[in-house]
Structures are given as structure tokens and as C-alpha cells.
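Next come two complexes built around chain A: one with chain B, the other with chain C.
And now, the complex of A and B:
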């Protein structure tokens, strides 16, 4: 029996404490080591945790998007183009750019408002391919087609390699924690309850006065913004480049895998999932090739789905409760 | 010049050939959905597995591609059966997200397994070359490639076989019954689990044929299946989920529209036009042109 929205809200531990814990942990790590590779992997984790958070928020409203790379890529392109062609500082375009995928999200939400489950999956799946086509062919004059665009760096030029890595790490961390707090409070608000009710039963939600249509579109729009933010951040910090390859299926699948691994429909799950899956991935890449690693990751997730259908986060909660350091699970 | 009937006929034939690929994919998808209420997102990857098998049989063992197709269909059919038995069967009755996860996970597994086997030996693209690659029938108005004629014949023979299986045998009756009402079918003593397995196997086999067909007319890579599969999704949405008639007509129609769009608007619009069609249908008639048969 799935927990109801209300009982779930009551059982979640205070998010501010968790946010402080994350910041403390990340700062501690920075104090201990400046290993560049590790910092880069973790920056990646922070950015893609925002991305997974976005997917999870949309899933929270009962919509499983299989085309999230559309938003990721559009956010990156919009921000990079704003910075390159209009001379906006990346620190500004980073937040303005994602308005484009947010709008697209509202559009997709409107278009798919009557679609559920497999239908919605198929259509969103197709949107990535459509967007890629549009970006490469119809907007090729703007996007430099398959070669893609160099992205202006977010940090001021002239920083040392280490300084830049630390800077990206901190920016990623800050935005991830901010996103986490925003999503956690959104999930606990009336809007979040409306999302959860729609997820549990759309008909019941409608009958009890929830404007299903409005909230579903809203979820897609918010998801579009957050995914776009992750895409823009990734472009301006880690990859420093964007190409139409970003609209691949794999990038649409990752946030789903991260969220499922960590725990669907909790604001902590996507972060935990991204961290665990990504660290596992990096460890595996040292022994296996890329193809084999990906297959192993998927099989590992299949095991998680089979034996821990709620993901890893409830295990962590239970672990914390069992240790009894502080009863995080309250009923 | 552009409206020369011979040229238009040529475009039509091309549309029908590529439409056959979509038709086979869509028929398999809709068959599986009808019975199991599951969309196999990895259908494009099963398709490429089929193409790759036919290619390997020809490349490594020298088997004639038009014989290899059948071996490949059987092989991928067995793979489909394994996927149903080991994957979807245990998830039946659990949360929908689990089935969606499995369906998506299969994409990554098959794609990477294929790429692992393919890329070190064949680099980026391969193509199946039949002995008739350069031969054409001269029909006056148009030149019909041997391969196109054989592929169309082969596809229709297989579709006829499927029709006979579904509408002229007891097993087909059970399959259609399960598709219409699973519970009632089970209560009538039909082994619905067996029907699931069979429909997934048949769907996978059809995908293998589609892939081999695709691999004969186009160069392919392990990643080539994605776009045709997305188009097949569009086709079954267009035709109504679960409707075989819709999948057949929708697939051919889609191929022909794509052929003419490419011809008149240029290659850049080849994939986009068809998607625009899908968006229109979604807006105007989200339940599809042919409704799911009750």
C-alpha cells in the first residue's frame, strides 16, 4: 500500500537540517581534499541532481516524462546563446535561459494534458527527437548544427585550474541545495499536495476540487525550468560546449534511473540516487569499458527496483533511525 | 519535371518500402500493447538486433540475406520471449513505473550490448548487401529495384501469415480475446501468460524483419533503431493503441507522407513533417484515428 500524500509529508525529516548536512558534508570534503577529478565528479553529481530533481518533481504530479533531455538541452542552448549573442553575463543568462524550456514545458504539458502513462511516455520520448531535429535543421543557422557552440565560462577568467574546480563545485552545490529546498517546500505546500493527489488518482483529485489540468501543466513548466537550469549550468561550467548530442535518449533516461535508485517522489531521493549511481559509475569505468559499465548500472538498478522498490533513501532513513542518533522517522 | 508521374510513382514506392518498416514495428508494438498493456520502448533496439543478426549471418557465414532474415526473426523472437518471461512477467501487477523502468532499461542494455559487439568490428555503420543490390525491373514508367519488390513481397507475405494466425486459428482467437478483455479471457480458461509470451515473441520477430529490411535499404548502426521506433509510436498513437488495422494503415501512410515530404520539402523535413502530423493528431484527436477495438 502506497503511503498517502499527507502521511508522506508528515514522515519526511526537516529539509533545512538535511540541507545543512549536505553543505557541511561537502565543505568537509573540500577541507580534506582538493583532488581535481573527485571535485569534478561531485560537481557533475550536483548538477545532475538538479536535473533528476526536476524529473522527480514532474513524476510527483503523476507524469512520467521520457523526454527530459529536451529541457536539459534547451536550457543549455538558450543560456549559451544569450551569453554569446546578446552579451549577457553567464551568471544572468544561467537563470534567464531556462525560461525557454519552462515555456516549452508548459506547451508540452498543455499538449499532453489528457495523456497518461504509456501514451505520455511515448509522446515525451518523441519530443527529444523533434527538438534535436529543429535545433540541427531548422535553427541550424543559430546553433551551428552538429558542431555545436562553445559556452562562455561562468567563472571569471584567470582562475587557476584548482580555483575553477573549487568554484564550479561550490556553485553546483549552492544551486543544488537551493533547488532541493525549493522543491522540498513546494512538495509540502498545497501545490505539492495537489501534485501528489493527481499522482495517486487523477479522477479523485478532479472530483475533490483539484484543477488537474492546471497543476499538470504547472508541474511540466517547473520541471522544464529546473532541467534547463541544470543544462545551462553544465554548459557553462563542466562541458563548456553544447552540441545536439545532448538531445539523446540516454540523457532522458538518466534522471529516471537516478530518481528510482534514490527514491521516487521524495526531494532527497534524486540527490542520493545521483550520488550513488554516479560514484558507482566512475568506479566501474576504471575496470570496464563504457558499454559494459552502462549495462552493469542498469542491471544494478533492476536489482534495486526488484528488492527496494522505494529506492535507497528509505533504507538510509531506517539506518539513521536504527542507529538512534536522532529519530529521523517520526510518526 | 517534378510532377512527372514516373517520379511520383518512384517516391510512392519508396514511401511504401519505408512505410513497411514502420508498419512492422507498429504492428508488433500494438500487438504487445493490446495483450499486455505494455509499450516496449526498446522495440527499435530489438529491430537493430534483427538487422545486426541478419548482417552477421550474411557477413560471417555467407548466408543469403533473404534466408538470414528468417533465422534472425526466429532469434529475436526467442529474445523477445526471454524478455517477457524474465522481465515483464515478474513485474506484472506491480507499480506501472516498474514496467516503464524495465522498458526503458532494455533500451540501454540492448543498445550497449549491440554497440559492444558491433563498433569494434564495423566502426560506425554497416549495410546488408543483397546479390540484387544493383538490379532493377524496368516497368516503363519506373525502375523498380529487385530489393524493393522482394521486400514488399516478403513483408506482405509475413503480414498475411499474421492475419491468418490471428483471424483463422484457435490460438489467434485466444490472442484477440485476451487483447479485448484479459480477465474475461482468463476466466474462459485461456492461458493469458502463454498469450503474453507469444505476442512478445511475435512482436520481436516482426521487429527483426523490420530491422533487416531497414538494413538492406539503409546503412545502420546500433543506434539507428531509435528514430524508426519513435515514428512507430507515432503510428500507433495515430492508429489507436491496440488496433492492428490502425498500425498497418498508419504505418504505410506515415511512410508515404514521409516519402513525399522528403521529395517536395527536402531531407531536412523528412523526420520533422511526420512529427508535425503526430502533434496535430494529438491536439485534435488524442484517442487516435481508429479507436482501440473494444
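And now, the complex of A and C:
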């Protein structure tokens, strides 16, 4: 067996090259087409790649979250409320709002510090339901209950439809690439090494000196921030509205599918997975109807897991290496 | 000799089973102490109690004067205690090199990543795993995995090593190497508490031997005293001879 994807993620340096490649590819596409639907789908991919990146980072520290929608939704609500009620520009609230889910992440991480795998999954899942209840009932006066809130747009008013679509596309791309670079360097750092040891064996990590509690809580906090950023970005650009539906089970499952499809515990995997799964879904399956589409997605995932247990990203690496364009790829 | 590790009345039970029964022990700075006893005597449990893996029900354990029994395992490790596991437990998704780096980075030395990498390579060379540094640990056989356990413990820069049967299954030549290695560590001033079934190693390198029997310390003394102690012969050495023991091969 070649070194695992996770270990490669800590050692292959050229994340800057990959980032530039993503920017170049996205810019090229923009030069070729302004097809609105495609731009919107890709903007969605960028935003939800940030979300998947968050889930994957938490998974890299050995924690299995089934409640990521908590962070997604809280980030959206916090940013939208800051913009609506306190008059913060959305370009600011977008980054301040996710501090709320970051705090909630730290809290959940602290509470669940002894739980693993499905136990952790079930408890985090439960937190999403509790959060939804709080948002609708306790804070209903603030959140307008089930009707939800209009979100101020991130872009200046008065842009053409095409201008707005291109603007959102570029903002999504920029933040996705920034998140990618941040997560890639985190994974290669001392903190990333700590996460990986906890993922592999908490007991041995502890007796080797790794402060398991601290790093687990930190991972949840960082995950909370990034997921919240995705939620806020989604609200201010694509949906322009938020409602308690955001705390649904599907939104907690999607990032798991994206990450597994692309390649768990690598910073590239969530991006690739979101792109592939989402394009497949939007461009082909939409027309089938929800149920059939869901079945197809699950089948697709089963095939990927069966034949490419490390996801699609190693496949891409192999392809690139075969073409010889990047002799630096270590395998 | 000033005592580095001091245990008083260490007691631990699992359900109704008394795995450690008021055990006292001392390991001096730079001293090599052997820990022997039959299967299930409580040797691994004692190491677990010292390293914070299991909290003792009663008793006290101090390291350099500091009480350990209420500390988390990572705090204890950073104070300068490293251990190996009887059943090797590598980090499966890290490379062998990274496995050896972990204790350097997070242990008492707290090295940076680059420095840790260089040192870890040297340490892997010294235990004979240098050529496999960049592979994942599933490329190692059981003897090599024990060497990786040892490399990890050595890398930490700890002052006290707790070694749990790292020499099981070695050939005669490898046992000679192991003895040389441990004597080298002793010369560097490391204190070692070693659980070992290979009597040749124990008798050769230990200044003092502690014998556990059903969770109780039944004897303690120099190798010579232990080898001649009637209680030990009945409880341990005799039992092993009767069972066709001697230097037991790997389990």
C-alpha cells in the first residue's frame, strides 16, 4: 500500500500550485461562458466545498459529526441578524457571524470530548434538532420563526443579473480557495499532526503527549467557524433568505458524501467531491425527480467507496502523474 | 540513589478482580529495574497506572516529587515518562517516520516539525528501521513493530522509559542487540522499568527486579537474590520451568 492519502496530505507541498490551478480553471470557464445556471451551480459548489472542508477537517481529528447543519445554520442566522439588526455590512458580518457557530463548536467539542464514532454522530445530530427548536421557539422574536428572514445581499444593489452571478461566483471561488489554503497548511502543521494521531488512536496520542481534549475541541471550533462561513455566504449570495429548514438532516449528510467521494482527510477531497457529486446532481439528476436522484447518488457513492476507498482524488493524482505534467507527485 | 519514580500502595481492581494490590515501587534516576511475573500478574496494569491510562483506586505515584494519579496521560508524558505497548499500537495512517516524530513534537522536548523529522530519522536508523521510514506501519512485521514502539518511546526524550515486553520473539542475536541497546540507554542516564519474560535480558541488564504475583509484590532484589528466592521460584520461575519455560519465545 502506498502512503495513505492523509499522510500524503501532510507532505505534498504544492497546495499553492493547486490553488492557482483552481483559480485558473474557474477564470477560464468564466471567459468561455456566462451561462447563468452553470455559474450558479458552481457558486453553490464553491460554497458547499467550504462546508465539506469543514466537515472533513473535523473528521481528520477523528470526530464524526452528523450535526454540521447546526454550524451551517447558526453561521447564516448570526451573519444575517448582524447585518439586518445591527447594520453591519454583509462583507463584515460574513466573517463575524461564524464566530457564533465557532463558539458552539467549542462547546459541543467540550461536551462530547469522550464520545467517538456513531455515539458522537448521534449526539451532534441531536444538537441540530435542539438548535432548530431554540431558533424557532426561544429566539422566535428575533428569527421570525418558521418564516425566516430575508438576507441582505453581499454585492452592491443595482448590478445586472449577470453581474451579480459573476460577482457571487468570484466571491465563492475566492473564499473556497482561501479556505483550502488555510486547511491545507493546518493539516501540514503540528496541529494537523495532532489531529491525525487522535484520529488513529486517542490512547496512544495521549501517552505520546498530545493534549487530546484540547485538539478535539479546537477541531470542532474551527469546523464550526468554516461551516458557519459557508452558511453565511450561502445566505447573502445564493438563497438571500434563511429559515429553520437549514437545520435539516440532509444538510448534515451532504458534506459527508462530498468528502467521502472526493477523498477523506485530504484538503483537495472535499472540493473535488462537492464538484463531482453536485455537477452530477444538478446537470443530470435534477430531471429525474428527488427520490430517484437520491438513490442514484447513494449508488454512486457505494461504487466510489467500493472501488476507490480513498475517494476520487488519488485517482486524479494518478492521472496527473501519468500525464507527467507534475513529476513532483510522490506516491 | 534519589528516587525518580515512587509508588506507594498502588491498588487497582477491575470489577471483582484485584489486578494491583498495594504495590510499592521505586525507580531511581538512571536505574534499570525489571518487572516480572506470570501472565495476568498485573505488570501491564502497573504501567497503565503510571502512565495515566488507568487511574488507580488507591495509592500514590510520584515522579520527581509530582503526584501523577490525577493527571491526564498527556500531562504525564510531557513530564518525561514514555512507554511502549505490549501489543504494538502504531498510528496506522501516519508513516513510520511520522510515528516516531509524534513523541518528539508533543512530548517533553516539544521539538518543531523539521527538527523532529531529522531526529526521528536518526532514531529509526538506530533501531534498524531507517530504510522504511517513509512507509506506513503496515509494512512492518511484529518484531519491527516492537522496534517502532521502542523508537517512539526513545524519541520522546523522556527520563523514564516503561518498556512492556519489547523483546518477545527475538532471536539470540537480536537479544544481544537489545541488551546492548538497553545498556547504551542506561549509560545515557535514562531510568528504565522493563517488563520482560526473556530472563537472559532481565538478569543481564537490571540492577533490581520486582516480582508481581496476582497483583502483589512478592519479592524485590538484585538478579542474584531473585533467582535464589524460594517464593519466586515457586510462584514464577518454578512454574515457568514446570511449564517447559526458559526464555519464552514470542506470544
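The working rule: the second predicted complex is superposed on the first by the 316 of 331 C-alpha atoms of A that agree within 3 Å, B and C clash if a C-alpha of one lies under 4 Å from a C-alpha of the other, contacts with A are read in each partner's own complex, and residues count from 1 in each chain.
In the analysis below, a contact is a pair of C-beta atoms (placed from the backbone, for glycine too) under 8 Å apart; a residue touches a chain by one contact, two chains touch by 3 or more.
Worth saying up front: this structure is predicted, and the values here are computed from it rather than measured.
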- Which superposed partner A:207 touches (first chain B, second chain C, both, neither): second
- Query: Between chain B (first) and chain C (second), which does A:298 come into contact with in this model arrangement: first, second, both, or neither?
  - Reply: first
- Message: With both complexes overlaid on chain A, does A:197 touch chain B (first), chain C (second), both or neither?
- Response: second
- Counting residues of chain A touched by each of chain B and chain C, the higher count belongs to B
- Between chain B (first) and chain C (second), which, if any, makes contact with A:309: first, second, both or neither? first
- Message: Just to be sure I read the superposition right, which of the two partners does A:107 touch: chain B = first, chain C = second, or both, or neither?
- Response: neither
- Where does A:253 make contact in the superposed view: on chain B (first), on chain C (second), on both, or on neither? first
- Within their complex, chain A touches chain C through residues 1, 3-4, 6-7, 10, 189-190, 193-194, 196-197, 199-201, 203-213, 265
- Residue ranges of chain B in contact with chain A within the complex: 33, 37-39, 41, 90, 94-98, 100-102, 104-105, 107-109, 112-113, 115-116, 226-227, 230, 233-234, 236-237, 241, 268-269, 271-272, 275, 278-279, 282-283, 286
- Message: So in the complex, the part of chain A that touches chain B is made up of which residues?
- Response: 2, 59, 64, 66, 111-112, 114-115, 117-119, 121-123, 125-126, 129-130, 133-134, 137-138, 249-250, 253, 256-257, 260, 264, 289-292, 294-295, 298-299, 301-302, 305-306, 309
- Query: If you look only at chain C, which of its residues touch chain A in the complex?
  - Reply: 51-53, 72-74, 76-78, 82-83, 85, 89, 91-95, 98, 101-103, 105-108, 112-113, 134-136, 138-139, 152, 156
